[in-house]
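As structure tokens, here come the structures.
Common to both upcoming complexes is chain A, partnered first by chain B, then by chain C.
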Partner chain A sequence: MLTYIIRRLLYSTVVLVLASFLVFTFVTVSGDPLANLRISPNVSELTVQNVIDRKHLDDPVPKRYLYWVQDAFTNKFGTTLLDNRPILPDLWRVMKNTLQLLIVVQLLVIIFAVLIGVYSAIRQYSGFDYTMTTFSFLGLATPVFWLALMAQVAVVQIYEKTGHRLFPIANLNSVDPGSGLDFWIDRAHHLVLPVLVLMVAGIAGYSRYMRAAMLEVINSDYVRTARAKGLNERRVMMKHALRNALIPLVTLVALDFGTLLGGAVVTETVFSLDGMGLYFVNALFSNDPYPVMAFLMVTAVMIIVFNLVADVAYGLLDPRVRYD
Partner chain B sequence: MSKRSLWLLAGLVLVASLIVGPGATASPAKTNAGTVVFIHDQEPPNLQGPWVGNNLYATSLVLNNIWYGCQIRNAAADFVPRLCVAKPKLVKKSPLTVSLEYKKTAVWSDGKPVVAEDLYATWKVFTNAANNVISRTGWEDIKSMTRGNSKKVTIVFNKPYADWESIASAGPYAAHVIKGKDMNQTFLTSIPVSSGPWLFDSLQKGVQITVKKNPRFKAGPQMKLDRLVFRYILDTNSRFQALKASEGQHMEPQPQLQIADFLKDSKFKVDRKIGYTYEHIDIQFGAKGHPALKQPYVRQALITGINRGQVASALYAQISPGLPKLQSLAYKPFETNYKKNFAARPFSQAKVISILKGKGCTGGPDKPSAGNDKIFSCPNVGKLSFRFHTTTGNQLRALTFEIIQRQLKSVGIELVPRFQTGGVMFGTTLPSRDWDLMLFAWVGSPSSSITLKDIYGCGGDQNDGAYCNRALTKVLEKVSVTLDAAERARLVNDAEAKYMVKDIPSIPMFARPLYTISANKVKGMGVNPTQEGSPWNISQWTTS
Partner chain C sequence: MRPQDREDIHLDTVSVGQPASAQGQPGSVAVADQVPVPPDEFVEAPAADIAAQQAGVEPKARSQWAYARIRFFRHRMAVISLFVLIAICFVAIFASRVAPYAYDELDLLNITSPPTTEDKHLFGTDLLGRDYLSRVIFGLRTSLWVAFFVALLSTAIGTTIGSVAGYYGGAVDNLLMRFTDLILTLPGLAVLLTAATFFGNGDPLKVGLILACLLWTGIARIVRGVFLSLREKEYVEAAKASGAGDARIILRHMLPNALGPIIVNTTLIIAAAILIEAALSFLGFGIQPPNPSLGTLIDDGQGEGFEKWWLVTFPGLVIVVIALAINFIGDGLRDALDPTQRRVRA
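Our next item is the complex of A and B:
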């Protein structure tokens, strides 16, 4: 397995290098990062030249890419284009915030999706199953931005009618969040709406997978054998069916986790959560290739790592899989 | 329902209650009584001030009341003394010499007095080539300045500089704080002193910046509030919702339709004024532009065929009814020097057709018609079909284009849309001069008329329309060195009426309205159309 992991990591390095060059090229040629600066009244030409010199903006793209690679390795992703701000501290900050959101969402989504999926499979074609199927399709079909806006509107309407605000509708914490436990309660309170919004699509998707996997397993021969041997239904379901049905879901969750680390762009933007998604949007709007590159590299590494984790986990969970 | 199902249901309810639990005991904004939360759309990247990458209104909102000025602009955009005992004086015209005197009560929050050395150090910051300040204009024209601990400052300029009052009014840095510092790396995340009504308190990146009352501020009325919190919410709808949900009490929204809700809501008050930023259509005179645009009669037909008043009222009917069309490229309707020079180019569709036919153009309609699809072709310049550039993602500009396109099409002039992102349009297309008509906004200021030569002078730094009228350029150059404001205004207005209205280098559309929305429980806020923003009168802000 070690050989397999090393080989995968080597392949991934090549992919990363190619991807970074392509992304750098596209980001760089997509617009002039000094555009807004140039149309500012009375802008100092000396200052513009300072920026051009500092970031080698007059050099060809491949050379600029090499400067970026050097900066990324020796200077922790370097600094932003205009205000020369170190990129890494900002990136760490937003990544931590996204992780908080993501971990809570994924945990809750998995719990609910497994419960709903298993119960729907066991009670196939029951009222519960039909209801959950309907809600799943609704959840999958509803755009996240719309759901987020509606959640905000609902909270505001309740507040206007009752004077009672159920949840904060923006930002990661209150003006005075306090410290210690108070801080974390305040943070949790601020994350309720975004978590609920993200949970809708997550549960809708995962519960369908879980239901399908469970149906496949409970109709398989070994489950029938287990029942024939006289095991009680709970044991059959929990020990033989559920454990095997979870395998595809675990793989899917691992794959999704890497992708989601790139931030829930829409949700973070609507709720003004200082996370990876909002960081990316701001970097794009400012036409600054350097934070965009840092973001994309971190995201790409995470996707590669979690893809690997998914593959390894699959092998560990399913003895039929062997690494070549 | 079976027992197992009941357990399952109970589990679901338990988890749900854990999520919803904290919210059930939530109370609106956990803030102190003397706190106002100012919801804003853009977060300053750092606290450096007018530095490259940080030349934002959002930054000046935070810093104006920290690096306080000798005088500041009030809501009417007039200078009023603050740290200074009186307005700076013009002592001598040649060499240009001005003087100012800081009040005895003008002190830094650490107790040291504000003195000449502070302004001197500020001058040195702005002229140091290594410092990435956004603009050195005016500062680099200074020859000498008083140093030391005197409260009186004399500034001598190398050459006449019309906007000398802005330099003299600038908020100085604290010399004793910045001494020996690399200013490119200073004040990134905090500012230790203040000469103004508030002090920097804290910065929570991505969330908020908090400033608090400066108890040592004696040069003017002190803040009644304990503190002001700038909360940053990127999403437009969320900002409005957050204000309604009492997560903030004040905001300065862009002109957006959501403002209409607040105009009807008795829990909020909306203040609105016309600002300095104005929308206009630039016309390309260069070789890559349409040859027809070099013909004065075509430009005359364009401005005559656009009902600018209808555009302004269609865009702002709900949130700013009666917004006037802009009739000057130099001044805004609320300025005392504003003259309706472009009123000489009134809207008349019949006149457009008569102008074009009179010059031998053919193929167009005989009379204006909404369903017209005949386009004029004119001798030696071809079909009157122009590329119309503007930015994507701006609903008001898209609507402006649609209205103008229909208006001009009904008189036989075609506009072909070329929408681009701001980065591409301003970074590549505008300087390339490969366009015909371009709709965008100039961010103006009270001293914009002084720098008109940069936009409309031959070879001006920002003259991307390649317009050139030597006689006008001569006048505009004279304007930039005329020290007397009244004389400057006379020169500008005469030149606009005599040359610009005739040449039509740009078509003025309207000056954008500015808004503030405040909850009724906070008082004292209103629009200030300059970079001071609504907190210019922070000492009058109160909360119940």
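Our next item is the complex of A and C:
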């Protein structure tokens, strides 16, 4: 087990180095981040030259990559290209916000998805099962950003018709959110729409997965054995079936968590939430390779770590799995 | 079972989505007068043949594909979806004849008109008085074109890499699969956005290329898995013994047996590509004006304020309809092309 983890981590490090070099080359070769600066009449040649010197933009790409690596390790990912702003504090802030949103959403999604999936499987082909199947087909076919926009449209339409303002449609907080409990109530109020929107897609996917896992378990021999022993149905379902059906879900959730930490890019953009996704999009719009690289590295590490967590968790939960 | 194997299975079930046990059922809700077929009424095809034989009727010899076709046409939602999709494709192909207006034709007397039957502005008009139905139809054309392009290209890449890795195994397999892992390790949407910013410049062809470069991994893994098990089969050994070359064995003997999962996943990539392209274009990293796509239309519509609800609603609804239809078709194809499942609904 330990050698397996160490081998995986070593291998992941190699992948990370390769990936970072690829992305860096990619980002630096293909765009001129100073284009806007150069054509701006208010910026002197000297300023442009200063930026070039500071960030070693004249050097060949491999050398610039090494400078970046040095910056990443000794100087916490360094600073942004144009305004020389430290990257790490910003990254921590947006990560905290994304994490907050993510944990709330994932908790609710898991609870609902497990309940829906289990009930659909136990009452297969019932009205409830059909309704939920339809819902998840719809949920999986709906673009998240469009759902977010429709939520905003609905709130605006209701406001126009009735003058009633149900939920805020943008930002994490009001301009003056107050402090203490008021702050958190304000925050929660702002997060209602994003959470609901993200929940739809999540529940649609996970509940299907849970239903499939549960069906497989229900039709397996050991559940029949448990019933044959005369255990009551409730005990069979909760102890024998549900616990085993949850194993694949645990790995799926762990796998997704890494990816999701990259931020719900579209949702954060639509609702202007100050999270990882919006930070990244803004960095891209300003053509600045440094925050882009920092973001990609942090998310890639998260994905690698959570992939590993998923595999290890699977091994711990399912004794049939052996690591070689 | 090793963790790597688990990932393959995981991918298979996740990307393919719904379990086989859900076959045909979702439709029964949408269509009210339709009675769902309980699983008990399935009849094993061979059994049906035997019964037919006893009744004095010659059993008809059917190929795998004939069985698949029969199974597919028994999946009601899939068939309906297929017709819907074909209709949508026709509208897209003949956009310039079907659309009541050109996509950039101005009707300055009717700017930002809500949907109305007057002057055939069924989806309303935008800020410049352009007919929105026509814009959606032309946007549909771009989006569908990109989606099909992405699906074909990523299937080609994925199948090539997967079959070579699975057939040769060993070091080749290791190298190719590590490469696949490398792409999977990168945060997908983020890489997509980065690539689109620096290479995309709004051209549908380039956006398609970028999408295809990231979406082939699922197919590669599935094809590799199938090939790994196929290459131990006797008929492959026989082909080798009779002197067939590698290329011939891969193309003539093994690939046809892997077609089922490939076709199903290609279908699902079309749906994924439509959704991702829309998201990219919406964020301003995908297809850009003057090329209309469903995503750019939503982006433009959003910029004009939420009181003009039709500008955001209609292009999105079209996306949902397409994605839904394709998912149902994929569902039907998965049931139909699964060779272990030879039953035909009686």
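Throughout what follows, the second predicted complex is superposed on the first by the 323 of 324 C-alpha atoms of A that agree within 3 Å, B and C clash if a C-alpha of one lies under 4 Å from a C-alpha of the other, contacts with A are read in each partner's own complex, and residues count from 1 in each chain.
As a working rule, contacts are C-beta pairs under 8 Å (C-beta built on N, C-alpha and C of every residue); 3 or more make two chains touch, one makes a residue touch a chain.
Predicted, not measured: the structure shown is a model, and the values here were computed from it.
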**Request:** Check the residue A:119 against both partner chains and state whether it touches chain B (first), chain C (second), both, or neither.
**Result:** first
**Prompt:** Which holds for A:111: it touches chain B only (first), chain C only (second), both, or neither?
**Reply:** first
**Asked** Once the shared chain is lined up, is A:82 touching chain B (first), chain C (second), both, or neither of them?
**Response** first
**Prompt:** Who does A:156 touch here: chain B (first), chain C (second), both, or neither?
**Reply:** both
**Item:** Touching partner for A:215 - first (chain B), second (chain C), both, neither
**Value:** second
**Message:** Looking at A:47, would you say it contacts chain B, chain C, both, or neither? Reply first, second, both or neither.
**Reply:** first
**Request:** Identify the partner contact of A:180: answer first if only chain B is touched, second if only chain C is, both if each is, neither if none is.
**Result:** neither
**Request:** Have a look at where A:299 lands relative to chain B and chain C in the superposition and call it first, second, both or neither.
**Result:** second
**Message:** Output check: A:269 vs chain B and chain C. Expected answer is one of first, second, both, neither. What do you get?
**Reply:** both
**Prompt:** For chain A, which residues belong to both interfaces, chain B and chain C?
**Reply:** 30-31, 149, 152-153, 156, 160, 169, 269, 281, 287
**Asked** In their shared complex, at which residues does chain A touch chain C?
**Response** 12, 15-16, 18-19, 23, 26-27, 30-31, 124-125, 129-131, 133-134, 137-138, 140-146, 149-150, 152-153, 156-157, 160, 169, 205, 208-209, 211-212, 215-216, 248, 251-252, 255, 259, 262, 265-266, 269, 280-281, 284-285, 287, 292, 295-296, 299-300, 303-304, 307, 311, 314-315, 320-324
**Message:** Touching residues of chain B toward chain A in the complex: what are they?
**Reply:** 8, 11-12, 15, 19-20, 22-24, 26-32, 35, 37, 45-46, 48, 51-55, 129-137, 184, 188, 204-208, 210, 229, 231-235, 237-239, 241-242, 244-247, 421-428, 430-431, 442-443, 445, 448, 451, 454, 462
**Message:** Under the stated contact criterion, what part of chain C meets chain A in this complex?
**Reply:** 1-3, 6, 10, 13-14, 17-19, 21-22, 25-26, 28-30, 36, 38-39, 178, 181-182, 185-191, 193-195, 197-199, 271, 275, 278-279, 282-285, 298, 302, 306-307, 309, 312-313, 316, 319-320, 323-324, 327-328
**Message:** Under the stated contact criterion, what part of chain A meets chain B in this complex?
**Reply:** 30-44, 46-48, 50-51, 80-85, 90, 93-94, 97, 108, 111-112, 115, 119, 149, 152-153, 155-156, 159-160, 163-177, 185-186, 188-189, 192, 195-196, 269-272, 274, 278, 281-282, 287
